[in-house]
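The structure appears below as structure tokens.
Labels for the chains are A, B, C and D, by order of writing; each one numbers its residues from 1.
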């Protein structure tokens, strides 16, 4: 197994007494799709915020590609190839779709010049199928298109680790199918993906491994089948009915 | 290829420019007839709005009298006088802009300077470059006149002289004055007066127990006054603009802080100081460059101090102060110089001004080498009841110094 | 003992600063509008009170309420006609509009009253407690500052309008959904702010020489008090005022009047950088 | 982009040609126009592009004036004093920016306007160095009024050109793009890899740079400075209004805004003696209601994308 891309040791974050994330430790190997599941309020988004420097950890450490990044700021994380999408989409409203993605390419993607960045951005738009809307202002997009814009922007940042925060929330089943294909294509480019997801269909069809978070603590880790059989996970999150269906 | 929108825009900009240019030429078309044009930048808004209005009233009184008498005798013919006024909003850059405009655009023959030493310096700087004589009616700090300007003349005597007399007279009249507390406003004239007072006090053996400055924009003097009270000084000396001094005197009342001599520079010489304080103003001494109870007779448009006083009271319903008198006197002196030179040639009028040695309703005016009116015994005044009473010099003495009533 | 006198000076000055800032803090806190008109409104209140005292011998304290109501109406008109349409605009726009209005009001007062300093020469005398001396008009200011703050606190908490204002402050859109007529609430808030400015002006006429020249200074003080005290709370202005009064009084004594005001600003900048919500600041407006 | 530069070139030539046509007063008007254009262009970098409404312009102008005057009095030749003043102001802005730019919106506005007041008080109380309330005299430049008029016109004109050039560079460069991202959504910009603090401080320092030069030049021009005049709250409020009149966040907006504002103020101010301030106030209020996007806003019919598609790739603009 090659050196882990991301090593998390004893990461803890308290918001006024409540331990949103408590002593979480795990490693992410490069090139794999890892699912991060858990009930609402389990601390999934907080964990992502800690990894991408939006919040500062109270204790514990983060190693990315062998370098200690515990105290990194969001833009440093982005430039190191650690990009994320937001649960609530955060576009640059008055900029065109093309410029939104160009921003990613120009800064984190380290494009040579604005013109070069625009070319890379156009490529990403074609990849996610938004090239027709290139000139439209980002604010005018529908929800699924916005989700794809987020994806295109993150890809333009040439990430090595992509954190997708419920990127399929609010999509209908057809759109989810397309999204799964898209994520599989992204992973095929050698990008490691950490997927926060509630839809078990997506999780079990895409992920190589699973991390289960509950009350800020990591209660299970391993292949989807093993995790689904774990009584703690069933009791905390999956529910007994689903577990039986899975085993049958 | 410039598209339609930019042509449209250029067109509008050009149109806007021509319109404004037309407006300017219209206003300056009048220089053809033979009229003496005097430029007057005044602060009608902003921090000095109150003082600016005082100059405006005085200029207008002189102007009406001169034109009523047919104008100024320039050599063979009498020429009417036109006064061009602009509001420089107590803003230094605007004052410079207006001086430039009056000289180059409106082609004025002479200029008057705005209120205060700072802005006088700015206007004088411009006038000096063009060689246009400037009459400064309210600038009394040496720092204005030591710039080597040849075309600048000021009717106020140097402010140093005022405090010297006070130090001598007050200590003689009121025994036991051993300590003085000085509070000055950090501004050109008030700062100079506070510094002069410190020197005069030390020269007369009075211990300076407190000497501080307060910045422009101070809304409260309690801290300084409390400290001054603690020094037990018998003489309190405070300089500033009228609103600073009204506030300071009121706060002295608030702190039950009094001293045998309370001197506030140039507050009491203004009517609004007495109106604003009522009985608190009683006993406050000050010094001034002029007082309406002076009895000068003069062969100028006003004829005598009395006549100027009567016309001012009739018009403004209150007593004139030194700013009104000095502003009118500045134009009287200019008129005399023009008549003496017999021409509007700026250099000749300048020389006539430099050689001025006349008596006006405002008092004797004789310019020294740097253009300032010669120092002489300046009136020391005290508020007694609601009247402003001159104590010195002897010819106008109308009362004797009374210590301030303790609380 | 001069220390006690300094403390008293600081508190009475602080009370004045609180009066001055309470209306400004309300408008900034609730409407998110920096009201550059506030200084001139205080001066207008002062001029009206002075005028009533000079011509009809109305005692300033008696004139306080009518003047406040008059400015309340003026505030309502200004808000309804102009500010309402701009409340959602960024700070640059609202600040610029109120700056433009301030120029108009300033010029109008300059023409009507001209800039000569005026003061009501009504001395309420002083109160001596041992060596410490207190002027009655400053004591009245102290009482008024407390009264205005308590009144505002009561209005904000007890009355329906008050709760509406708080709701709007917390979340304008949600409040609108609850059936609160936003424009009326904004008009009420801006008018209340103007009324408070009027009340403060009436009081100032006894203490300060009223002249249009100091309208900018009063506005500057309101800025500092709001930042120190913190937005979003009624007692914010009171606490901010008292703290600033004490700081200026103390530093005036220790470092001389030259640096007193400077240190006040210095404290504000430090707070702005470390604790922008100020000493008491919170999101809502309780 | 090309069109804006062409229009600006024509405008700059017109300003430069004034000495041929007009008398000294017109020349002085042109100098004021150039001065305010430079200030508006500088303000636009932080107020327009980055969306941080700064009211610190007068603080930088005043600081530049005092630095320039003190250097000149210390014997430096005039132009060297101007350069020195510019560097001092830039250094001050960089230091100040680090602290000030942590605040946002209203707090930033209030924080920046209080800097003007703080510097005025420092200039007033540090009498030993700055002459305090007495002010500071600056040696009058030799040569007659015509010569002086031209020197100061072309000095301000040069600063205007430099300010425009830096605006063009920023508009095209990575910094400009990053500032636009910050203006629209600072958190998203952070996530996308924009070094937010560094870019904001750079924009703030750049916006202060030319204000310092303008201050130093006007000190030599007026040859006398005092605290209340050097740090003028009126100036610090007028400059953003000018950019609002023209159209913030664009290249030409500040120039159109500053030029028209100075012209409006001239005609308004010279026509109404007692009511000029009210007239100016009315103009500002009407401007906000009827020209929300500024002159350029009104002329821009379609939403212009932030980076001109197809515009020639900016040669060598990758810093």
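In the analysis below, a residue touches a chain if its C-beta (ideal position, glycine included) is under 8 Å from a C-beta of that chain, and two chains touch if they have at least 3 such contacts.
In this text, all values refer to a predicted model and were calculated from it rather than measured experimentally.
**Student:** If I average the Cα coordinates per chain and compare with the overall Cα mean, which chain comes out closest?
**Tutor:** Here the chain at the core of the arrangement is D.
**Student:** For chain B, which other chain has the most distant CA centre?
**Tutor:** A
**Student:** Calculate how many whole Å lie between the centre of chain B and the centre of chain C, each centre taken as the average of the chain's C-alpha atoms.
**Tutor:** Going by mean C-alpha positions, chain B sits 35 Å from chain C.
**Student:** Could you grab the centroid distance between chain A and chain C? Build each centroid from C-alpha atoms only and quote it in angstrom.
**Tutor:** Result: the chain centres lie 50 Å from each other.
**Student:** What is the distance in Å between the mean C-alpha positions of chain A and chain D?
**Tutor:** Using C-alpha averages as centres, the distance is 44 Å.
**Student:** Could you list the positions in chain D whose residues touch two or more of the other chains?
**Tutor:** 121, 124-125, 274, 276-277
**Student:** Of all the residues in chain B, which ones touch at least 2 other chains?
**Tutor:** In chain B, 45, 47, 186, 213, 215, 217 touch at least two other chains.
**Student:** Quick check: what residues of chain A touch more than one other chain, meaning two or more?
**Tutor:** If we look for residues of chain A contacting two or more partner chains, we find none.
**Student:** If each chain is a node and each touching pair an edge, is that a line, ring, star, complete or other?
**Tutor:** other
**Student:** Once the touch criterion is applied, which pairs of chains come out as touching?
**Tutor:** After working through each pair, the chains in contact turn out to be A-D, B-C, B-D, C-D.
**Student:** Once bound in the complex, which stretches of chain C touch chain D?
**Tutor:** Listed in rising order, the residues are 28, 32, 34, 82, 85-86, 90-93, 95-97, 99-104, 106-108, 110-111, 216, 220, 223-224, 226-227, 258-259, 261-262, 265-266, 268-269, 272-273, 276.
**Student:** Which positions of chain C touch chain B when the two form their complex?
**Tutor:** These residues of chain C touch chain B: 2, 5-6, 9, 12-13, 106-107, 110, 114-119, 121, 123, 126, 128, 133-135, 137-138, 207-209, 211-214, 217-218, 220-221, 248-253, 256-258, 260-262.
**Student:** Spell out the part of chain A that touches chain D in their complex, as residue ranges.
**Tutor:** Touch list, chain A to chain D: 52, 54, 73-75, 78-79, 83-84, 86, 90-96, 98-99, 102-104, 106-109, 112-116, 118, 135, 137, 153, 157.
**Student:** Please output the residues of chain D touching chain C within their complex, sorted ascending.
**Tutor:** Within the complex, chain D touches chain C at residues 47, 53, 99-100, 102-103, 105-107, 109-111, 113-115, 117-118, 121-122, 124-125, 233, 237, 240-241, 244, 274-278, 280-285, 288-289, 292.
**Student:** Note which residues of chain B are touching chain C in the complex, please.
**Tutor:** 45-47, 49-50, 53, 183, 186, 212-215, 217-224, 226-227, 230, 242-243, 246-247, 250, 253-256, 272, 275-280, 407
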